[in-house]
Amino acid sequence: MIIHMAEGATPEQTQRVIDRISRDYGLRCETIVSETTVIGIKGIASIVDEGRLLELPGVESVLRITEKFKDASRAFHHEDTVIDVAGVKVGGENMTVFGGPCAIESEQQAIDSAMLAKSAGVDILRAFVDKSRTSPYDYRGLELGRGLEIAKAMKEATGLPTVSELIDLRHLDAFLEAGIDVIQVGARSAQYSPLLEELSRVDVPIVLKHGFGNDMSEWLCAAAYVMSGIDREGRSVGHGNRNVILCYRGIKAFETATRFAADIGMIPLVRQKSHLPLLADPSHSAGDRKLVERVAYGFIAAGAHGFEFDIHSNPSEALCDGKQAVNYEAERIIRNARGIHAMLAGVGIESGSSVAVAAK
Amino acid sequence: MIIHMAEGATPEQTQRVIDRISRDYGLRCETIVSETTVIGIKGIASIVDEGRLLELPGVESVLRITEKFKDASRAFHHEDTVIDVAGVKVGGENMTVFGGPCAIESEQQAIDSAMLAKSAGVDILRAFVDKSRTSPYDYRGLELGRGLEIAKAMKEATGLPTVSELIDLRHLDAFLEAGIDVIQVGARSAQYSPLLEELSRVDVPIVLKHGFGNDMSEWLCAAAYVMSGIDREGRSVGHGNRNVILCYRGIKAFETATRFAADIGMIPLVRQKSHLPLLADPSHSAGDRKLVERVAYGFIAAGAHGFEFDIHSNPSEALCDGKQAVNYEAERIIRNARGIHAMLAGVGIESGSSVAVAAK
Amino acid sequence: MIIHMAEGATPEQTQRVIDRISRDYGLRCETIVSETTVIGIKGIASIVDEGRLLELPGVESVLRITEKFKDASRAFHHEDTVIDVAGVKVGGENMTVFGGPCAIESEQQAIDSAMLAKSAGVDILRAFVDKSRTSPYDYRGLELGRGLEIAKAMKEATGLPTVSELIDLRHLDAFLEAGIDVIQVGARSAQYSPLLEELSRVDVPIVLKHGFGNDMSEWLCAAAYVMSGIDREGRSVGHGNRNVILCYRGIKAFETATRFAADIGMIPLVRQKSHLPLLADPSHSAGDRKLVERVAYGFIAAGAHGFEFDIHSNPSEALCDGKQAVNYEAERIIRNARGIHAMLAGVGIESGSSVAVAAK
Amino acid sequence: MIIHMAEGATPEQTQRVIDRISRDYGLRCETIVSETTVIGIKGIASIVDEGRLLELPGVESVLRITEKFKDASRAFHHEDTVIDVAGVKVGGENMTVFGGPCAIESEQQAIDSAMLAKSAGVDILRAFVDKSRTSPYDYRGLELGRGLEIAKAMKEATGLPTVSELIDLRHLDAFLEAGIDVIQVGARSAQYSPLLEELSRVDVPIVLKHGFGNDMSEWLCAAAYVMSGIDREGRSVGHGNRNVILCYRGIKAFETATRFAADIGMIPLVRQKSHLPLLADPSHSAGDRKLVERVAYGFIAAGAHGFEFDIHSNPSEALCDGKQAVNYEAERIIRNARGIHAMLAGVGIESGSSVAVAAK
């Protein structure tokens, strides 16, 4: 982190900045006093809140070099993290497909959709008991106990590990007891810190969706909440859950022709910035079945470690998001996506094109 | 709600749409069959999930007329709602100022800032025990019990009612026991349904911030969660908390020169669309003390019922968001804002300019 | 187009709407009068300005069904348009690569970069004489005559057709005389109607970039300006230039980690909505060479007909946008992209997944 | 400008950066070599293209301190610029209202609307001959000669100076000969450099609208195009037109309930960043007459030097944007806005709250 003092800043003002950094963060500074005073902070400045420095008299601007999301950053963990979900690998050289119905609506629909997903080739099955909805009048899922029973039945019927979104943090134990293998954090909870803190105390793999109102740094800071295990009071370190899988789903933008703007550049960028496995969600980003197939191919070609998508045995009767669920084309989508992934194996992505670096 | 069937839709497809509306929502339809079939739904279509209709074969498009956020909509409640907070009125003809430090950092800072806020003329005092932060490494507040103790002391020292943000839903009882008068829902929790549902079961006034990734409809649907008291399973109606105060704070947009884009058009629009009291937050929208004063005036002139802003006894030592906190200028800001509000009293806003309607 | 009259609209108000549609647009209406009056417009309502209808007393809302961008719409031209550029096909089953230096800086740099582009396998060569820049202080190109001379030399040296951005509409003749094969309209001119009208009077193929502040409808309406040849006064039809190639480059969004948000869902969507060839620009969307390779793959996998990207013989000496130019990796990028395109040949995109339609 | 070299950058890499700055821009550098090398550029770094520096090997990041939009920046021109339009002052302590019909449709409509605008109290009359429209099928104005004749008649009938949008740069002379007093550059032309350059060669006052896809820096750089008179080739300085009036109209954002997001924080921010007069456009930002009144008040309270809005003698018959035009309420809007402006006279805005600076 580099701090640039304003023209005419006094030595006392400069000293006050240095004192704050040293006292509050335990970091050393190096000062260069010339016509323009520049202070360089040594050490891991992730923990520094630049807002507090900007507020000091005489400070003109602050240039952050070390990213805030230290735990999720590749700068501190060069190798890809590979996460094991009941024997299924996520991240690194692997391509993994998460799929299944958007929500559990009934036992019949859930089992039918699960079997369709399995035959299409998914690796990890969506078994979503709860649905976060914009309006309280929309379908939000079956009664919790019944939903979890069906989730269990889906797992048994297919033999696949299951992923399920946890909305109410008080239900975590029930989810784990019901054998859910991966806990998903949805877009609307993506910055809800009590939930993130709760998940930092267990070891179960987490799929952390990208909030549609969040930028990359906020998303990776949410991952840092789960991974660091830092608790609210003071800076003592708790347990920390390193098993975080990122899932991109696009952001709100002014274009209304697609549901969300799924910025394809984010896929290679997040791969370069973070060591965590990166999925993408073609169903919730595009919001329309007619787009899902090609969007899924785009994500894989751009470097995603896999995708998570909605598969429904009868989309036109779905109680939730049927418009974006695929049916029997799921098998073709997964097959072609694996073909693209295989073709591009070995085309480095983690550090950008090695060629470019050489060219510099 | 009007449903437009595609060219060539069959009578069977049309009937299936009508059956779904009648069976699932208990609403009647009127069909017009000509070259293009159009179905009109009669009754309050707020409860209809248009996504489910769009998914039916033959449906081309759906035009929503009744807004989803029924409980918050002026169409169903023509008069302004006025909420009483320990004797202070919010909404209607009143202009109310919420202010105080961004966060409680210590007893001294809290009491000093509270006294400054009181002398500046605030009506309801910010006493924020918890802070939702992007990074787990940033300051998130004192230990809960200690924070609530100080909040109590701030209330006693000033005699003002207090507002405090509830992040962890499990702390609601502690907040109420500590005498917090208004519970605030912050931008990062603005669509977290378990928290909204919890607040629907009490009567304490709620300040519902606008999530920076949410549009107007999502925001007012969040209000409907609190107001309707509809629980997750089925459509049975619970208690419902009608005491919702809206607070606008702007959205994420591509402009980086301001912190959030606080769309001034939203102020008169939300006043027209909703009967609920509407505040705005010049500190968190502009993110810079140098802009706060004029932004506050803009909000009031545009029709807000008041504002909530950060006042700190020593901004350059603040542990959180000091850059946007005002100090002794708070008094002038409140005074001028009240002047603007008084000058514009009687210039109708609820239904748009009455002149315009006549001109039509 | 369906017009929904407000509750309580009078028969006179309804008649006035019908009269306007009939008088100003020559279209017939069908009215359904029940509790809610609905007017359906028959015929091609692309020419109707819905703003003018919304303004009539009694009109509640207007639902547009026929898109405004008629000329570019697949609804009126079912087959893919394939454009011939000096023997190189663009659109349909073809994948075409446009590439070369961001700007002509000197003869040496231009020829070196052109030869590198040719050896990498580009089909159509960038020979950019003018550069549109945000700041007047940035490099905007060599003197026009000199620039066009070098463009000619690039074409001769490589034997490739050339594309060049026309900024000043008064230079069109000079461009055509210098043998430029494709005229590009840049993002900053994407809605500048005098330039679009000028291009409607020639037959040379046009690459129409997507403006970073425009949505899909605005972009395709810009294509309609070039294609329709409608002139400013009255509605008489002029020449019209049907040879329009679309080029997507992303939009401004709140994410700052990438330069623009290149919404991957737009690729299959625009393919479905329009019959025109669709390119994408991985260099200008991602803005960073380290992302260009994977973004290019993403665009092709999602269904683009090709891409246009910056290739520079010495990026670190580039006078313009060197950061996003690739060097010797260009060959690998084109090769892999062709592999992905070939693998997905025959996976329908134009009408969405045929499966999905069947599933309905 | 401060340049931060990457860890491990070699002395040769550092020297190359210094050489480029010295050779290409004629600026001196100061280097600080410690664990992290930092280069400070001395002098006015507005002319430096940071993209070219970022591309040099070893460069990690660049922190811009001097803004690119030098000519428009208050840092180089501390006093407010006041522009004289045929005796009407714009900027400084003045509040000025521009108003009239969105477009000239006929002599009758134009004169009626002009007289209504005059009686409402506008200072400068909209006499818009050309309209930039998204679709070629929408109304774009009368034949040029006829339009300019009517513009002249509007001026004569009212005795007010006139403002008119210039779209086609080849019409500039005709506009000036017809006695147009202020040339407006519209949102769709806001970055079209040939038009901006053309306007730099005359002295007539310019209203430069904010492009809905542009950020503040792009907008003020467009002003710099007009003001600097720098021509395309080389850096020689031409005439330059200093009479630029800024006009804010909001940006595209994901909120669809308002037409554009008019970020109220931009008003005081642009006042602080630039010495140029600043208007705002409540009609085109809000897009709905029902919002225009309160949005206009918001802009004035936030510190705008005035506003420009649509006034039409019969909005429901308008050929263009009737929905946002006001009628007889114009008089009340102007009167109340002047009241707010007078009340806040003397509440400093140019440098932010002086109090805040003291508090630091």
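A few comments on the model shown:
First chain written, first letter: the chains are A, B, C and D, and each begins at residue 1.
Just so it is clear, a contact is a pair of C-beta atoms (placed from the backbone, for glycine too) under 8 Å apart; a residue touches a chain by one contact, two chains touch by 3 or more.
Bear in mind the structure is a predicted one, so any value in this text is a computation, not a measurement.
Comparing the centres of all chains, each the average of its CA atoms, the largest separation from chain D belongs to A. More C-beta pairs in contact connect the chains of A-C than those of the other pair, out of A-B and A-C. As a whole-number value, the distance joining the C-alpha centres of chain A and chain D reads 39 Å.
Between the Cα centres of chain A and chain C there is a gap of 32 Å.
Taking each chain's centre as the mean of its C-alpha atoms, chain A lies 27 Å from chain B. Counting partners per residue, chain B has 55, 57, 215, 217, 251-254, 256, 315-316, 360 as the residues that reach two or more other chains.
The residues of chain A lying in touch with chain D in their complex are 2, 4, 30, 32, 34-36, 38, 40, 42, 55-57, 60-61, 63, 65, 252-254, 256, 360. Residues of chain B that touch chain A in their complex: 46-47, 49, 51-52, 54-57, 68-70, 130, 132-143, 167-170, 188-189, 191-194, 211-215, 217-218, 221, 224-225, 228, 230, 232-233, 235, 251-252, 315-316, 318-323.
On the side of chain A, the complex with chain C involves touching residues 215-217, 250-269, 272-273, 285-295, 297-303, 315-316, 326-329, 332, 336, 339-340, 343-344, 347, 349, 351-353, 355-356, 359-360.
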